[in-house]
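Which chain is which? They are A, B, C, D and E, in the order written, and residues in each are numbered from 1.
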Amino acid sequence: MLSQLPLLPVLLPLLGAPACALLRRPLAAWVFSCAVSVLALAAAIALLAATWQQGVLSYALGGWAAPWGIEYRIDLLNALVLLLVSAMGAAVLLGARASVWREIPEHKRTLFFVAYLLCLAGLLGIAATGDAFNLFVFLEISSLATYALVATGRDRRALVAAYNYLVMGTIGATFILIGIGFVYMLTGTLNMADLAQRLPAVGQSRTAFAAYAFIVVGVCLKLALFPLHLWLPGAYTRAPSIVTVFLAATATKVALYVLIRFSFTVFQVEYSILALPLETVFVVLGVVAVFAGSLVAVFEPDLKRGLAYSSVAQVGYMVIGVGLGTVAGLQASLIHLFNHAIMKGTLFMALAAVVLRLGGSTYAQMQGVGRSMPITTACLLLGGLSLIGVPGTAGFISKWYLVTAAADREQWLLVLLILAGSLLTAVYIWRLVETAYLAPRQSPASIAPRALEAPAGLLAVLVVLALANIYFGLDTRLPVQTAGGAANGLLAAVLP
Amino acid sequence: MSTLWLWASDACLLIGSFLLLTGALGFLRFPDFYARIHACGVTETLATGFVLLGLLLRSDDAMPQVKLVLILLFVLFSSPTASHALAKAAWNAGVRPRDNSGKRRVSLPHTDP
Amino acid sequence: MSDSNGLLLASLAIAPLAILGIVLLRSRPNWREGVSVLASIALFAVNIGIYHSLQQGATLSWRSGEILPGLRLELAVEPLGALFALIASFLWLVTVVYAVGYMRGHGEQNQTRFYAFFALSIGCVMGVAFSGNLLTLFLFYEMLSLSTWPLVVHAGNDKARHGGRVYLGVLLGTSIVFFLPAIILTWWSTGSLSFVPGGLFPENTDPRLLSALLVLFVFGVGKAAMMPFHRWLPAAMVAPTPVSALLHAVAVVKAGVFSLVKIGVYVFGLDQLAAVDSREWLLYLAGFTLLAASIVAMQKDNLKARLAYSTVSQLAYVTLGVLLAVPDGVTGSGLHIAMHAFGKITLFFCAGAILVASHKTEVSQLRGLGRQMPFTMAAFLLASLSIAGLPPTGGTWSKWFLMLGTLDTGALVLTAALVVSSLLNIVYLTLIPVRAFWRFDGADEAAAPTEVREAPLACCLAIGVTTAICVALFLFPQPLYELVAQIPLGGG
Amino acid sequence: MDVFSYFNYWVVVVLMMLGFFIVIARGNLVKKLIGLNIFQTSVFILYISAGKVMGGAAPILADGVELYSNPLPHVLILTAIVVGIATTSVGLALVVRIHAAYGTVEEADILEQDATC
Amino acid sequence: MLCLLVATAIALIAVRGLLASIMLTSVYGLLSASFFVTMDAVDVAFTEAAVGAGVSPLLLLLTVAIVGRREAASNARRLVVPLLLVTVTGALLIIGTLDMPSFGSPDAPAQTHVAPRYLQQSGDEIGIPNVVTSVLASYRAYDTLGEVLVIFTAGVAVLLALAPAGQGGSARAEPPAPEHLAPHTILQVVSKLLIPFMLLFAFYVQFHGEYGPGGGFQAGVIFASGIILYGLLYGLPTVCRVIPPPVVEVLAAVGALIYGLTGVLSLLAGKNFLDYSALAADPVTGQHIGIIAIELGVGIAVAAVIITIYYAFAGRLHTRED
């Protein structure tokens, strides 16, 4: 079974989804999905361990060797993303019951879990595959499932958000398809490793340039990099709480992975970052994203939407790291990818609990929530502190690496801007704290009937996620070493 | 022998194409819906028949011939039915034929749409 | 050895344990406060133990696993930290006793939260005091900012919220925008963040980098309240008096100047510090701060605001002492941390006692109060003398060394500034009790409520203890001095 | 002659852009999906054009035929067509729901309704 | 051919009114299918004809029947940005084409690198003449599994969006809708004659995919079309009685599972996922069995999902009329 390891994290949810559809009772579907996602997580953990021991793992699907068949090629980068996505997928699902039962009508619950598993499988498939076209296929699986999940939100605006996401997402995917088509016409292959070998020979052609441009734009649409982020706030805000947790923790992360994979593996770094002015483009767009996203978040009356904009900002940080084009920058970007998933997972999970009990997540509704839901609010606060980058939390590690990476390139202005971005984060997180702890509790009439602490299942997951923020702020070996190894693997060959 | 078949086939194809052209012309130029549907519905069935016949005469394999015959049968069934369905739907929707001056000439029981 | 290291960890662990106890016993106020008192006694005892180990020449330290490559959380005991920890934990004990009286006397809400975060703050202070490298220092420094915020906004009204915003905004802002880059730059250029006697930077470090770093550090440690980043301290005065007393006269502000002393001595090293270009104007900025804050203090009628500006001024003394980069300056700074702590906490205790007993907050209302509250006012008088640096109080010694420092460097302007500031101290602090006792005219008699009596016993007890220590330190400054003299000064 | 060899591709580019234009310029949600359809179909044409070999036969092995067109793009596009219809159907389902919720499928009207509530 | 396509697309931009747009879409699909034939892509042409000219206009029509055919005039001021975007994108694409291998050149990398192996060795390795099927079902079988799951996802998504409450998630028909279709006697008679042939043809396409153009996907679409035609003529309730929605939904999942489990079988036999040579002693026979099995899975899943989607839309149509 060990030789099949690279496939398992993807295969389990992929086949689990149709199997889950055969279950009629929602509770059974939930239990089944949980089991599937936990197994996938176990496989992903084993896979990461195997990657550390054996280096790059290759798995030929259908027994056909690449480039004729489709290959799964797992290096540290893939393994890290797989682990992250499956872990968040499992965690969110485990805590999902109460929230789903509250927000999703009874007859849609089974399908909801099926779509969730499909989305998970799609994202994992993207992260595992070594074939450019296969990536597109799994991208579409996850995207379609995401549109459906977003549309299950209770508000009718969820429908519009899902529709806009669908149009933008499809444009992005089609752009990626065009890009893949171009490189295929240039090289005759779809396998990423094979592409990497064959592209340098034709790398200077205008076709390669156009191909890279289309892929980058397409991926940035999925990544919601400013100014292509327009779909994100609506989708995150209107989607059911659980979906928001899952998407925020995984979807943009996988998109960033795709960006890195195409920029550093398929197109080599000399081409993608150093020869083109993309370094500047990424860094500038990243910085603008940080400030634009954070500023909107500061003035947003709904916390969920505010945090969605904060995601736009955080994507900015990650892209800055990529744009630096150094091992340190890439490592910082990957660390932030990992840590941000945990932070936003915590934050949105806590919001799921808040929405469950209070019916909404505007600041007005959350007044005094610190007293009615102390544990949830404490977790929310922890996630927020981590987002700010307070030392002792995971966010601090991200910021540290990002700033050192910028310092290595002697970009002092960038250092300052990154830290100033943190200050903006502090502003909106503090707005939350004041609302939660200082504002008078809402008048009894407007408070939900049972404004109590969240149910145990959700709360347990939430607490674990919140503590993960601290754990990964103190024991950083897993993200730092894996990200370091991955960054080295991607860049060491070409950079000193 | 084969030349003869080829001639016959060419002739069939030509007739078919010509009929299609007339049908299209009628579709563009005729005054009202029913005349148009008549123009292309009638010619289309016949034209397709000729084209298929022409192709049938050209092929020398059994399998394609069987297929062409089947297509012919299918077209003979479906094309008039489609025209009928269209006309009927139009009638039900309240579309009425016009005379040369463009006025409604016929008024029949189901006037309500 | 291992026992002593256990002591070190214990000093950090007591606060969390205390919080647990406080939260669990939240429905029984007596037990809850009992836990607080017990914890503070235990902490003080532990710190004495640490002091003794240090005196016997033991090195106490603890390291975590690597957090960042080559970087760990490190704890280490050195003389200055031990001094700071001793003072803070002792004053915690005193303050808890005082707080029990104050909070009950004043009928405050949310007392459990108050005691819990109070304990947490002290835990963070211990962390700052015993931190073994810049990263650890920064970690506890930030935690201290965050854990004191709930105490500052304790009242929960708009005024408190506004104060809290300024408080956290300045402290977090400076630490993120100045302090953190300074730390990262240090790491980036030296590859280490450890506290090393004599400093971290190699001889050939770019002087411009050092200049920039010094500026970043001095402004970044916002808790040192260097102008123009001093606004948070007056803003924090919306807190209940015990908080102002312990945290904003002792723990938090001293954590700031303590960090600066540590950075000056162990990151730069006095020799290198003396050569940094930006030191000169920072010195004058410190001089300006101490004068300007004194002048502002004179104009404040609110007693706590006046004390706050006085604190800003006194903190500038310490900063100035470090920046002088001579051994006498550092000795003066170290001593002043201690002396000012006892003096200022007494003053705050008195202010709180006056508030509880007579509900008066403005200086102008205090005339004649000496008759009703003679004990409090006497303590106020002694403590203000200590702040001004006059015998028979401990403040004399620290000011003395600071003066020597300025003379060593030949910066006579600064000497003059110190003298003028001390005179101002007398005007705006010492005159308060003097008026309360003697400038009593009949016009106010009717206004003075006759039923005003001394504050609750717990408060008076606390005031008595700290006042006594102020005086005692004048008579027996030797142990303190010896401890401060152990700071490895490299250049000295 | 080089120009002529690209003519095919250029027409495809024009087709793509026509579809793309409909997607972003039209406010009717159904029309947008139609545009998306055209856009995607045009990309299929690009792929299939890339697989054509002049003088080649359809890639179904037969005796005596040496030159075939490239089967790989065909396979890819078969998959892509399925993806396209899947996207369209999900999009249409959303449109139906939007119509039920808003009573309109014009983007401008929807924005207006959302802005007022 | 291409010019016709361009003309259609321009007409699409010019025309206002959704019904005409849908007809043009259908025309566009048919034209591109014809173009695919001239490009030797017969399988693709088949699929595009079924999908581009069949299923997708059908779904569009159903939608328009629900939401109305009117289209508002577009705002002239809103055209500037799209025009700019389109111009930039188009320019980039044109630039991209400048260094491409010439159209139809047999020396292009795409023709010389990976594809030749399929053409030269699939006969020995897989043993079936249709190379497209070989690649689709064996060399890149995993993509096709992904494709099946895409269509399955679409089914799930449509159901999630449109399923009416209280029926266990399935798009069951409403109580009989007004039977305005009743007098269509001629249509009903003719279709009764034709539908069996359509279904038969679907099976032919299903199992003939190895030798000629066709395969599970096309067969599934044709099968579904037959059922949909039946539904259109006899009304949703009738067809729902013949083929109940829950059954179709189960079949969709089963189809996907057949595909997946075929892969799992080869896993259990100790080979890689979807390596059919493990399914029989002789690798080529194994490939045969595998391809038949997965094509069956594809066919079932596709037919079931398309019927499900139809049910969901048609159900909405009836709900609205109530």
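Definition applied: contacts are C-beta pairs under 8 Å (C-beta built on N, C-alpha and C of every residue); 3 or more make two chains touch, one makes a residue touch a chain.
Computed from a prediction, not measured in an experiment: that's the story for all the values here.
A.B. asks: Which chains lie in contact with each of subunit B and subunit E?
C.D. replies: A chain counts here if it touches both subunit B and subunit E, and no chain qualifies.
A.B. asks: What's the overlap between the neighbours of subunit D and those of subunit E?
C.D. replies: For subunit D paired with subunit E, the chains in contact with each are A, in label order.
A.B. asks: In the chain contact graph, what is the shortest path length, in steps, from subunit B to subunit D?
C.D. replies: 2
A.B. asks: Farthest from subunit A in C-alpha centre terms, which chain would that be?
C.D. replies: The most distant chain relative to subunit A turns out to be B.
A.B. asks: Counting only C-alpha atoms to place each centre, which chain is farthest from subunit D?
C.D. replies: C
A.B. asks: Could you work out how far the Cα centre of subunit A sits from that of subunit B, in whole Å?
C.D. replies: So the centroids are 57 Å from each other.
A.B. asks: Between subunit C and subunit D, what is the separation of their C-alpha centroids in Å?
C.D. replies: One centre to the other, that is 70 Å.
A.B. asks: Taking each chain's centre as the mean of its CA atoms, how far is subunit C from subunit E in angstrom?
C.D. replies: Averaging C-alpha atoms per chain gives centres 74 Å apart.
A.B. asks: Need the CA-centroid distance for the pair subunit A / subunit E, whole Å please.
C.D. replies: Spacing between the chain centres: roughly 31 Å.
A.B. asks: Can you list the residues of subunit A that touch 2 or more other chains?
C.D. replies: 133, 137, 140, 144, 147-148, 151, 178, 184-185, 190
A.B. asks: Quick check on subunit E: which residues sit in contact with 2+ other chains?
C.D. replies: Expected reply: 93, 97-98, 100, 108, 110-111, 114-115, 118, 140, 143, 146-147, 150, 153-154, 157, 161.
A.B. asks: Listing for subunit C: what residues touch at least two other chains?
C.D. replies: Nothing qualifies.
A.B. asks: Tell me, which pairs of chains are in touch?
C.D. replies: Those chain pairs satisfying the definition are A-C, A-D, A-E, B-E, D-E.
A.B. asks: For a test of understanding, state which residues of subunit D touch subunit A in their complex under the given definition.
C.D. replies: Residues 16, 20, 23, 29, 32-33, 36, 39-40, 43, 46-47, 50, 72-73, 76, 79-80, 83, 86-87, 90-91, 94-95, 97-98, 101-102, 110, 114 of subunit D touch subunit A in their complex.
A.B. asks: In the complex of these two chains, what residues of subunit A are touching subunit D?
C.D. replies: 133, 136-137, 140, 144, 147-148, 151, 156-157, 159-160, 162-163, 166-167, 170-171, 173-174, 177-178, 181, 184-185, 190
A.B. asks: Quick one: which bits of subunit A touch subunit E in the complex? Just the residue numbers, please.
C.D. replies: Residue list for subunit A touching subunit E: 4, 7, 11, 14-15, 17-19, 21-22, 24, 59-64, 67-70, 105-108, 110-112, 114-115, 118, 121-122, 125, 131, 133-134, 137-138, 140-141, 144-145, 147-149, 151-152, 178, 182, 184-190, 198, 202, 205-211, 213-214.
A.B. asks: Quick one: which bits of subunit B touch subunit E in the complex? Just the residue numbers, please.
C.D. replies: 74, 77-78, 81, 84-85, 88
A.B. asks: List the residues on subunit E that touch subunit D in their complex, please.
C.D. replies: 2-3, 5-6, 9-10, 12-13, 18, 21-22, 25, 28-29, 32, 35-36, 39-44, 47-48, 51-52, 55-56, 59-60, 62-64, 66-68, 71-72, 74-75, 78-79, 81-83, 85-86, 89-90, 93-94, 97-98, 100, 102-106, 108, 110-111, 114-115, 118-119, 122-123, 129-132, 134-136, 140, 143-144, 146-147, 150-151, 153-154, 157-158, 161-162, 211-213, 217, 302, 309, 312-313, 316, 320
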